[in-house]
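Quick one: the structure is below, questions incoming.
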Amino acid sequence: MIRLVAGRLATGAALLVLLSLLVFVGVDLLPGDAANARLGASATPARLAETRQRLGLDRPVLVRYADWAGGLLRGDLGTSVSGTPVSAILGGRVANSALLAGLTTILLVPISLVVGMWAGLRPGSRRDRGVAVASLLFVAAPEFVTAGLLVLVFAIGLGVLPAVSLIPPGAGPLDRPAALVLPVLALLLLHASYAVRMIRATIAATVRAPHVEFARLNGEPPRDVVRHAVLPAVLPVALQVWLLTAAALVGGTVLVERVFGYPGIGEVLVTAVRTGDLPVAQALVMVLGAGVVVALLAADVGVRLSTPTLRTAEQPAPVAFR
Amino acid sequence: MTAPGLVEVRDLVLCAGGRTVLDGVRLDVAAGEAVGIVGASGSGKTTTALAVLGHLRDGITHVAGTVHVAGAPVLPGRPPRGVGYLGQDPGASLNPYRTVRAVLTAAGGVRRDRAGVDALLGRVGLPAGLARRYPHQLSGGQQQRVALAIALARDPGLLVLDEPTTGLDVLARADVHRELASLRAAGVALLWIGHDAETLAANVDRLVTVADGRVVASGPPEPARFTLTSEAAPAEVVLAASGIVGGYGATRVLHGVDLHVGAGERVAVLGASGTGKTTLARVLAGLHPAAADTVTVDGATLHPDVRRRTRPQRAALQYVAQSPSEALHPRQPVRTALHRPLRLLRNLRGAAADAEAAALLEVVGLSADTAGLLPAELSGGQRQRVSLARALAARPRVLVCDEVTSALDPGTRDAVLGLLGRLCAQDGLGVVLVTHDVEVAATADRVVVLAEGHVVADGPVPDVLGGDLLPGGVPSHLVELLRPDVADPTVRGTVNVVPSRRAAVTAPTVVSDDSPPTG
Amino acid sequence: MSRALSRRQLLRYAGVGAGLAAAVTACGSPASAPTVVGSGGGGAAESLDPFISGTPSDYARNWTVFDELFAISDGNPLPRLAVGVDQGDGAFTVRLRDGVTWHDGSPFVADDVAYTLRYLASPERPVPHELTGFLDTAQVQVRDPRTITIPTLQPVGDPAMLFAGAGMRVIKDGATFAPGGTAVGTGPYRLGAFEPGRQARLTRYDAHWDGAPFADEIVVISLDDPSARVNAVRTGEADYAADVPFTVARTGAGGDDLEVRSAGDTQRTSLGFVMNTTIRPFDDPRARRAVRMLVDRQALVDRVLLGYGVTGNDLFGHGARYFDDTVKAPATDVAGAKALLEQAGAVGAPLVVRSAEYEAGMNGSTELFVEQLKAAGLDARAEIVGVQEYFAPDALAATHLLTFPLGPFPLDVTYARSAAFPTLALNDAELKTAVATAFSTPDEAARAAAWKTAQAVMADRGNWIVWGLADTLAISRRNVAGIEVRDSAKYPYLGKAGLA
Amino acid sequence: MRWPGTRVASGVLAVLLVVIVVGPLVAPYDPAAPVGLPYEPPTPQALLGTDALGRDLLSRILDGGLPMLGTALAGAVAGSALGTVAGLLAAWWDGRSGRSRWVEGAVLRPLDTLAIVPPMLLVLLILTAFTGHAGLVLAVALTGVPLSARVLRAAAAPVVTRAHVEAAVARGEGPAWIVGRELLPLVAGPLVADLGIRFVAAIYVVTAAGFLGVGPSGTDWGTLIVEALPGVELAPLLLAVPVVLVALLAVSVTVLADDAVRRSRAVLA
């Protein structure tokens, strides 16, 4: 297990390095640059050149990359082209986005499991179809539309929840829990629906599995069958679904954050990319990429731990070539 | 029927999607009686057995008739108490997520303590030490005996057995048969759905034959015997393989195997699961890279990789795979399956190929119209015949057959084996018959027994397969050969754990970066 | 301000990006929400440095914390920290206000102004300040604590207007604006808690030289999404949001205590297209005039602005002093336009109209404008790009028309900006002379005449199509009062705001 | 399990496709030209009312299906095709050699770098580089390739070891026959399903890009949704019509993709 984790971490780190290089060079190739964006209508070729020199944009891209990578190793995320250290821009925002993603994931686990079981234990029943249709609809609707409708209903119509996430300076979203309700709800409707679909399908398949039929035929009570035979089979899949959802929520909160003016990374991410603020974009790629790598690693380890055939194998599972 | 039976099935009619599956079945089992049900695939024998348990699989509806167990109606949906069930695939029947102890502790809806679990294991001849293992850490025979222990958890007066030894190799089969025999002796009634009448004969009091959802015969079984013949006529050697060493990654499964086949000779390669039989066949066919091997056909050495063999060499040695469902491309008609080798290996096309294809189909006992059909429109036996015809299309000198009959019902199996015999006799074809089935091996001229990747016996059929028969029709001499380290084959607790292939397949398959390794 | 404003108030103002929302509430009830102003884009990059200000929230906050030498009020310079300016030879002398103190209690002196000038000319700055093109900041002389002499690099006719147009705030001698630090100004509010891109809390500075402000506290909130700004006010979380979409005016404020306010005629934003005179066909004045004769300005106003605005006269600078509103846009005359195009040899020439949505309605107006050109038989096509690459010089040089919005800035600013890019500029000797004169002459009448000439040139053969003057709308609680417009209604001056 | 939704979904999709393909031909007005004032309610002349610039919503809806379908389909097909090539390569070499997994290392691992970038970030980066529909197509393709490759590798792995494939190899069939006739027909189910999923993701990317202000303008349904947001209180139909259409498209394709997976399992069973 330790070897597995170490191996995956090494792979993840290698991926992040490759990724940083790709993005650094990629963003650099974009038309227009930070100097253009900063000067806007006041740009003249002379001022552009001067600004580029001041920002160090006139050096070769690989030299700038090496500079940046060196800084990263010392824990320095660099300086935004606006002159602000990247860590100051990202600091609290990454935590806020993580809070949004984390809360959604935590709520999603019991909801998707209960709803998925409620529907999947009776495959083809009316409630099963109801859940299937509802989850499909929520998966199909863009979350910013869902979020907008939630605002219309709960904030403007009923006036029970805030329409925007106004978090005072020095406070965190947790100090204003009401502000979290609608953003989390909007994210939940999308991601829980996806999780419900996957878990429902797994349960429906497991209910028909031979080992479940065998247990039933030999008189195991239905509750025990669910607890001992169905749930353990669903768990590895559910774990994967949950952690993959968590990975998707890393950077997947952008649209909802924008609707609610939530102080997360969403707005920074959009602005940084659009204004060619390379250091901020780079740092975000690394932070988010690392988040995804960790979530995927957790999914891998979780599946191994929850699947006896994999857990007890000293080596990768035996080959099934014939 | 005067005495009230333990099981009374009366005029049972079950339908699935408008098709009648059971058409007025009448069946009785008295207390302590062992009744066998035989019939071809799809004849309704499994459906009957499940109906006795009050269980109808998805899509099956109860139309008419009654099923009573111990005087109580069980249909619809009122499962009887005191009936145990054992299916044919123990690897799939056992809950892969729980240890044997956890399963047995709560089996049958009754909680029992450690001693109770050990006692249950003892009843099926397993040591208590096995309880901490997961199902995939058990051999096939042990798995099936654990499943039997679960079926016994409620102390049933009746056991419903659905082909309980079909998926097992010779050793496991012997073990399970022995335990079932002792239960029968203890007065447990058995409703045993069997593969073929011969195997069941020794185990049941009465044999019921079903066909097309009806009971067509019922009566005492005839004791089985298979005839061991030997026509060991020395012939020129067409296939010679020596020093085959191979495996997967670091795991070695073949340790220097030698094999030779004469023209017109059938050589069976017999062994338990995981002894490297299939690997051997694939090494011969050039489909599996071996660490060391020398394979010659008619004296010419073949390249270990089939893709590097010459065209005549490829044609000379043909391989027929195990599963009829995978042997043929599900979207290509039989014609394509036959035309391609004719075109590539014999340069026949157009009308000439059509004529040859028709001839090949006739050789394997299929009509010429079969050429236009898709595999899904064929039965398992027909598919296996097409698969044989495809191999024969190359005009091979040697045919390597890997468990070609294991998925077939007995009638079809005998027909295919007969066909192979004819081909040997008529065309001087050498055949390698890889099998785990003693009855199949018994039809060969010579038997090579493989254990732990070594050849442990090589000789004429009577020499190797002679001797007393253990329950389940396994010769005791063979068991000694396969278990050289265990003098008494009935000693409990096999040490060598064969990783179950099915266990790997049940691993979750959500697609992600980190889906569990499959290789 | 005849209204009596409550003294105990909390003003909430939220902004991020392209718009601004402000709200004011009484702070007597702690449950009441803060004041809001909205702005957009780059929220997290918001800065306390008034010379880096880039978002409406930045402006709203920094304009309240700091004071400028001169402000613009109704198009005219309004003395603030300066009380007057005297022209000299190659330099001018600024007289400073007495009795002004910084938020830390120290007195405001000429050295602060000198430091400010050096600061904004520092090579460390990411962007050179536009004043560095006019002032020789290295040679500034402090005469006494109330007097400072500033040499010029080129003649400056109206220094007060130069400072007002540049919006130069004065910072304290030695000030730096490290992230996480604070800002000390002379303005009506001092900076309290601040988190870039989220909120700034501003508390009343009672010792302000212009009289104590009204609200106890102003909260400036950054919100990127225009709907979010409106929603913040509608749901009572903010009191005022500036620069809200026209649809809000159409739907109504959404509550009895809410109203949609317009900043008024002089605060309208001029929206238009600029023709590239460096390439065909607009190097020919007849082609320029022809297109100006094709545009249906009213149709654009009705649709892009939903009617919240009026048609323009093809001149930027509406609302500024010296703006010539007697000029009329050419009358719509499709036949005449086609004749002109034929004379110019421009019939069938492809026209690319480049646009980016850096001001609401830019892309919409481009789409409709292109439709109008097509309807007149021209081969026009819209090229809609991201904000970042909009000003990429190569692309600008290859495009025929581009969208261009300008606020009610002084004409100096308007003409300087529109000449900054070769593609935007009109290369016309008479225009250049007139603008140079207007910049440099200290004589009021001469300046007025020069601007008149410059605008006449633009009206005759210019490359501007200013089709509309857009209202600047805000949504506000009815009791919010005292919100004034200085530089732009998109980020109003909150120094006198309060709850009535 | 028989799922009646499949038939309903096929019907809905068929109707939508007809609307999408025929739409531009039957649109009553030029979708780009204003026919009235903005946000007019439905009238006999403009059956669904007018949009934010006074253009006929019905005409824009009818005109906007094809670009949306085109963009989404092109992106989905490109992503799926690249993924299929990578997945088949990995399944074939790694699955058959039984020893090394170097193709996975050389082909799938680099794709993983794409997989760990949050899709919205990837979309933003790509759309900044390549504006317009080409950028969207590329964005959809690149966000989809890693997953498609894994889906296809998983689907192809059991197929490459099937006996009929080995028989084809053993009798000396060339790569064209093996890939085109032996493998592709059997991974077609997962391939179609993956394509469906990519397509739905593409629709999402198109709308999300518009919401973030980086999408191309035009009449495609995603853009219509985004354009409708500011005026939703004035003209709810502006939002409701494209949202419902997009949701119907996404749901019906998802249902059919699920069905394709089910049926492909049946073929291989």
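Going in written order, the chains are labelled A, B, C and D, and every chain counts its residues from 1.
Just so we're on the same page, a residue touches a chain if its C-beta (ideal position, glycine included) is under 8 Å from a C-beta of that chain, and two chains touch if they have at least 3 such contacts.
By chain, with names taken from UniProt: A = Metal transporter; B = ABC transporter ATP-binding protein; C = Solute-binding protein; D = ABC transmembrane type-1 domain-containing protein.
On a predicted model such as this, the values are computed, not experimentally measured, just so you know.
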Quiz item: Which chain's centre, taken as the mean of its Cα atoms, is farthest from the centre of subunit A?
Solution: B
Quiz prompt | Higher-contact pair (C-beta pairs counted), A-C versus A-D | solution = A-C
Practice problem: Calculate how many whole Å lie between the centre of subunit A and the centre of subunit C, each centre taken as the average of the chain's C-alpha atoms. | Solution: 39
Practice problem: Quick one: report the Å distance separating subunit A from subunit D, using the average Cα coordinate of each chain. | Solution: 21
Exercise. Give, as an integer number of Å, the spacing between the C-alpha centres of subunit C and subunit B.
Key: 85
Practice problem: With chain centres taken as the means of their Cα atoms, state the distance from subunit C to subunit D in Å. | Solution: 43
Self-check item: For subunit C, residues that touch 2 or more chains besides their own
Solution: 227, 386, 388-389
Exercise. Name the residues of subunit D that each touch 2 or more other chains.
Key: 1, 98, 112, 115, 128, 213-214, 229
Quiz item: By residue number and range, which residues of subunit A touch two or more other chains?
Solution: 30-31, 148, 258, 274, 276, 296, 319, 321-322
Quiz prompt | Chain pairs in mutual contact under the definition given at the outset | solution = A-B, A-C, A-D, B-D, C-D
Exercise. Report the residues of subunit C in contact with subunit A in the complex, numbered from low to high.
Key: 14, 16, 33-34, 36, 41-45, 47, 49, 52, 54, 123, 125-128, 130, 179-180, 193-201, 219, 221-225, 227-229, 231-232, 234-235, 237-238, 254, 358, 386-393, 395, 404, 417, 420-421, 424
Quiz item: Which of the residues in subunit A end up touching subunit D in this complex?
Solution: 11-12, 15-16, 18-19, 22-23, 26-27, 29-31, 123-124, 129, 132-133, 136-137, 139-142, 144-145, 148, 152, 204, 248, 250-252, 254-255, 258, 269-270, 273-274, 276, 281, 284-285, 288-289, 292-293, 296, 319, 321-322
Self-check item: Partner subunit A, residues of subunit D touching it in the complex
Solution: 1, 5, 98, 109-110, 112-113, 115-121, 124-125, 128-129, 161, 200, 204, 207-208, 211-214, 225, 229, 232, 239, 243, 246-247, 250-251, 254-255
Exercise. Could you pull out which subunit A residues touch subunit B in their complex?
Key: 8, 198, 202, 208-211, 213-221, 224, 228-229, 232-233, 235-237, 240-241, 244, 296-297, 299-300, 303-304, 307-310, 312, 316-322
Self-check item: In the complex with subunit C, residue positions of subunit A that touch it
Solution: 30-32, 36-45, 47-48, 50-51, 54-55, 80-85, 88-90, 92-93, 148, 151, 155-156, 159, 162-164, 166-170, 258-261, 263, 267-268, 271, 274-277
